[in-house]
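The same chain A turns up in both complexes below, where it pairs with chain B and then with chain C.
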Partner chain A sequence: MRNGRAFWLFVGPFAAGLLVFVYVPIGWSLLLSFFDARNTVTPSEFVGLRNYADMLTDAPFLRSLGTFSLFAVFIVPLTFVLALALALLVNQISFMKAFFRSVFFLPTACSYVVASLVWKLSIFNGVRFGLANTVLGWFGAEPVAWTVSTSPPWYWLVLVTLRLWLQLGFYLILFLAGLQRIPQHLYEAAWIDGASRGWQTLRYITLPQLRTTSVAVLLLLLIAAYQAFDEFYNVLGTDRGYPPFARPPLIYLYYTALGSGGQDFGHGSAGAVILTLLIAGVTLLQGRVITR
Partner chain B sequence: MISRRRLLSLAGASALLAACGSNTGRGGSDQALKQWYHAYGEPGVQQAVERYAKSFTKTPVDVQWNPGDYDSKLATSLLSDGGPDVFESTPQISSVRAGQLVPLDDVFGDARGDFTESILATHTVDGKVYGVPQAVDMQMLFYRKSLFEKAGVQPPSTVDELIDASKRLTRDGVKGLFAGNDGGGGVLAGPALWSAGLDYVRDHQVGFDDPVAAQAIGKLRELYSSGSLLLGAVKDWAEPDAFTQGLVAMQWTGLWAVPAVQKALGDDFGVLPFPKLSADGRASVPVGAFGAMVNAKSKRIDEAKELVRFLWIERTDYQEDFNLSYGFHIPPRKSISEKASKLTTGAAADAVKFVRDNAKASNPPDWTSVMRTAFNDAVSRVVRDGASADTEVKAAAGKVRDELKRLYG
Partner chain C sequence: MKVVRYLALSVAAVLFLVPFYLVLRNGLATEQEITAPSWTFWPQEVQWENFALLFSNPAVPMVRSMVNSTVVAVLQTFGQLFLCGLAGYGLARIPYRYSNLVLYLVIATLMIPAAVTFVPTFVVVSTLGWVSDLRGLVIPGLFSGFTTFLFRQYFLNFPRELEEAARIDGLGHWGTYWRVVVPNSKGFFAALGVIAFVTSWNQFLWPLVIAQDQDSWTVQVALSTFLTAQSIEVSQLFLAAAVSIAPLVVVFVGLQRFLVRGVTETGIKE
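Let's turn to the complex of A and B:
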């Protein structure tokens, strides 16, 4: 009995919160996706799968899914490799290890909104005295409108560097934890057998031992890529809406469901369900391929 | 069976959750009418509207000030029973169709004819008025007289002259024009249509399904690719900083910026409407006005209407104070705007004239978010990516037509 009470005391509030703020809304939006739900969350007009059909033929939505699949193909390996490389370096050094670990992890504690504004307003603004443009100016180059220009699409440079800066530290810590769990005697045995320090031990000991960590990191990265919202919204969004390029699916759905001038929860929810299924599908596929 | 203790701990947990949920910052008693405003930037406005509300003696009024994304917050609150009784906004056909707004025709009384017709039109859906306009905002083109003289350029009266002026004024590290960090596709898309005598929607039909529309949008592309636009400024078009800091010779911004520009540049500036494209087109200025509206879910609709009537019909002194004492707006009532001394000279007097002669609704009630997204996407692709204006405009027109069909059958 005592145990039971303690269980509910600790788990109860969290479980209730999860139920009320996560599972009920998920269920509700699933329900909404089958209704014509404009400016109401208690709709009465059942439309079956029409919202799904509309979203699956909606060119901007499909384009945003396409863009972000491409984005994932690009950003996932990049973050993975950089985080792993940094983790290997930090793991190697013998002095000030805690310092470097903290320095790389610190950006994770920074708010996405704050970082986005720093990137947009001070580093990559388009006027001649912006940081990036000042550096370009030293070499005599013309100022570049980083977040405006679409040819070449410089905004990707802004968004990708921002995302890397914000996320690398977190995955670095995951890899570090994984590295520190690899038993030292494996390396010693390999050296005795004549394996060279460096590539051979990395290839045949470190990477295989990091398999579970790698799978987790890949999954998290993939989900994060499709769920992109904050930095995109804050860097490229204006009071006139969001431009049609580099538009994450979530931002498109946000404007569909909550945009001023008409809330359309039916189509918004249908899009969210499609996106969820896509993420689940890709994740499962990735898990299957990697663990085989 | 659940023991009493267990029940107690569960109750404790739910009380905890309830405590989290109830702190909505609304405060006040249940007896008070709830009135919402978005957060005006000018100091003093909040105190002013609270003072107005306090002088309404029939029932107490709780004024809530809403910083941040007001539109989304308001739209969400209108779905539930927890929304305000009275709020400021512009009516959208979707909220009218969803029965969220109370028609206010009977609130106006004799004063109806005193409101500027084009402003009242932006609050009218299917023949009924849903908002009592509080303050008129408008956008226009600011230009620096001294830089024009130095370059020997005349203030532009056609779109081609505007593009030419922008190019010729781009020199010595100064750019010709700043029209938003998206390259003008956002704020100038409407004016571009109007410059060609077209519109977003006209009589429930697509207003821009016309080859001339592609030509008008194409002009924005020409402007963008001329290299004379300032792009990526620290503050966007709504703030006059790029103009007052001397980064540009012209900027598209609004009436609200006049005091700041005056302070920085004295009388070294003038204002213009967006010029016409050709003889068939018209110069234009986008106008919009927040209006006081009543929530149809309110349990005290009559009192709410009474409050709106008191604030914005009866107390003309409040409208005058609200429009002219803090920021810089045009009172929607002609009897007030005509006698306002602040609006009789300089740029402000020009602005009043533009609103009288060239006003176009910046956000008409039947321009829904689906239409806006389709149109803005098209314009952005033409202006920034150099996509074919013909194809893009036609595709957007198709989407707008579908949406209009859904709305009007």
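Let's turn to the complex of A and C:
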């Protein structure tokens, strides 16, 4: 029993907090998701599975999953390939190695809010003095309304480059750590066997040895894209509200549960439960793949 | 070959630094220079008085929001290290009947990113009356299952001989932890602490949801409000962005060793 006291002395405060701020919210939310709860956080009228049925047939909710998928299709491979390529380059040089690593990592210091500010008001400002439009102007092209034009949807270029800039350094560090764990003797053996230093060693040694890192990076990228909120909210949102397009799941949920059109916690909770189950599925898959 | 490598890296590096250049250029220029039809690479005359204008602008709670962000980030960093460190050690080293049950409850939360459950958390925190309150900003973020799990994995590999020596000297679990384990784990604490600080400083969704009164805004919420409403001068907005990044640039330059370790520790669980 003396161990019991010591155990709770160490674990008790954390466990209590976990209960109150993680398990109670999830439980409460499950409960609310079966009730009507507008502008109140106490369940008022039992509606069974209706909130879920509403969400799963709600076109904007399904479109938000589509928006996430489209975003992921661009941002995941692009970040993966560029982070790996830059990591390989940085790993191969000796002079100024720390300098380049620091430069690529520095954007991680910025918040998505700051990046959105730079992207929206400076680089991709729709007026003539925006940086992108200035560069276009040098070639005689007309200015483009980057964040408000829907055909073609230039806002994707804004959102994808923004996230690419901000998150690339993080994954570059992960790849560099992975590269440093590859035993040097594997390369030496390959060279003795006559493998070329470029493509062959990359294809047959580096990439297979990076398998664990690669799988982890892919899933981390996917989970991060799933939670996209900050840059969408700040680049596309205005004080008059959010446009009807390009709403990833968390944006959709934010405006359903906490938007100015009335707080609907019943539907908001049902949406949160559905999104949680989806992401938990992906994470379980991650555990499977990594421990395999 | 070598030349090509350095050329590619240099081009990429310049592209990566452009946004920082834009923040400084726009923050220190006059409004006319920013909106001029031809690009000025650097303000004709650096407008240092923009600082004074920004901090004296009654519509912009710059000082207040920076103080809020600092208080939140510091409390969350030390609170997390304290709570999750203790819990991680207890789970790793104190054998107890329900130890596995608690561990499973911690691991189960790893599957759910906190951002996805912001609606449920808001429901509970608003019931506690913590909306627009420092407690609402700080406390829900303290109980990170992920940090506890990382601490547990780390303490599992902590050299047992050191702890046994402390036992022989008559220390219990508590004394062993504070006098032997923590002082010998400074690097790990620093690595997780730096990550916690950066994450807390830059977080946006939760403060946006919970800090509804202007007095409780963090600097990210303040910047976002002025960005989406475009209610203040562009140069002041960029200068505010520069001010908001400054503490983190200091962290990045001064503590990069721990930061890199923190990224590799938190990025990939092994």
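A few points about this structure:
Going forward, the second predicted complex is superposed on the first by the 254 of 292 C-alpha atoms of A that agree within 3 Å, B and C clash if a C-alpha of one lies under 4 Å from a C-alpha of the other, contacts with A are read in each partner's own complex, and residues count from 1 in each chain.
Throughout what follows, a residue touches a chain if its C-beta (ideal position, glycine included) is under 8 Å from a C-beta of that chain, and two chains touch if they have at least 3 such contacts.
Computed from a predicted structure; not experimentally measured.
Contact with chain B, but none with chain C, is seen for A:N39 once the two complexes are overlaid on the shared chain. In the superposition on chain A, A:V103 makes contact with chain C only, not with chain B. In the superposed pair of complexes, A:P244 makes contact with chain B only, with no contact to chain C. In the overlay built on the shared chain, the residue A:S111 is in contact with chain C alone; chain B does not reach it.
Residue contacts after overlaying the shared chain place A:I173 against chain C, while chain B stays out of touching range.
Contact with chain B, but none with chain C, is seen for A:G126 once the two complexes are overlaid on the shared chain. Note on chain A: of its two partners chain C and chain B, the one contacting more of its residues is C.
Residue contacts after overlaying the shared chain place A:W28 against chain C, while chain B stays out of touching range.
Residue contacts after overlaying the shared chain place A:W156 against neither chain B nor chain C. Contacts of A:L86 after superposition: chain C is touched, whereas chain B is not reached. When both complexes are aligned on chain A by C-alpha atoms, chain A residues 4, 9, 13, 17, 20, 41, 121, 127-128, 238-239, 258 touch chain B in the first and chain C in the second. Of all residues in chain B, those touching chain A in their complex are 3, 5-6, 9-10, 13-14, 16-17, 71-72, 75-76, 78-79, 92-95, 97-98, 100, 173, 180-183, 186-187, 230-234, 236, 238, 242, 247, 363, 367-370, 372-373, 376-377, 380-381, 384-386. Contact residues on chain A toward chain C in their complex (touch as defined above): 3-4, 6-7, 9-11, 13-15, 17-18, 20-26, 28-29, 32, 41, 86, 89-90, 92-93, 96, 100, 102-123, 127-129, 131, 134, 165, 170-171, 173-174, 177, 212-213, 216, 220, 223, 226-227, 229-230, 233-234, 237-239, 250, 253-254, 257-258, 265, 268-269, 271-272, 275-276, 279-280, 283-284, 290. Partner chain B is touched in their complex by these residues of chain A: 1, 4-5, 8-9, 12-13, 16-17, 20, 38-41, 60, 121, 124-128, 130, 145-151, 238-241, 243-245, 255-256, 258-264. Interface of chain C with chain A (complex): residues 2, 5-6, 8-9, 12-13, 16-20, 22-23, 26, 34-37, 39, 83-84, 86-87, 89-91, 94-99, 102, 105-106, 109-113, 115-127, 139-140, 142-143, 145, 148, 172-174, 177, 198, 201-205, 208-209, 220, 223-224, 227-231, 234, 237-238, 241, 244-245, 248-249, 251-252, 256, 259-260, 263-264, 267-270.
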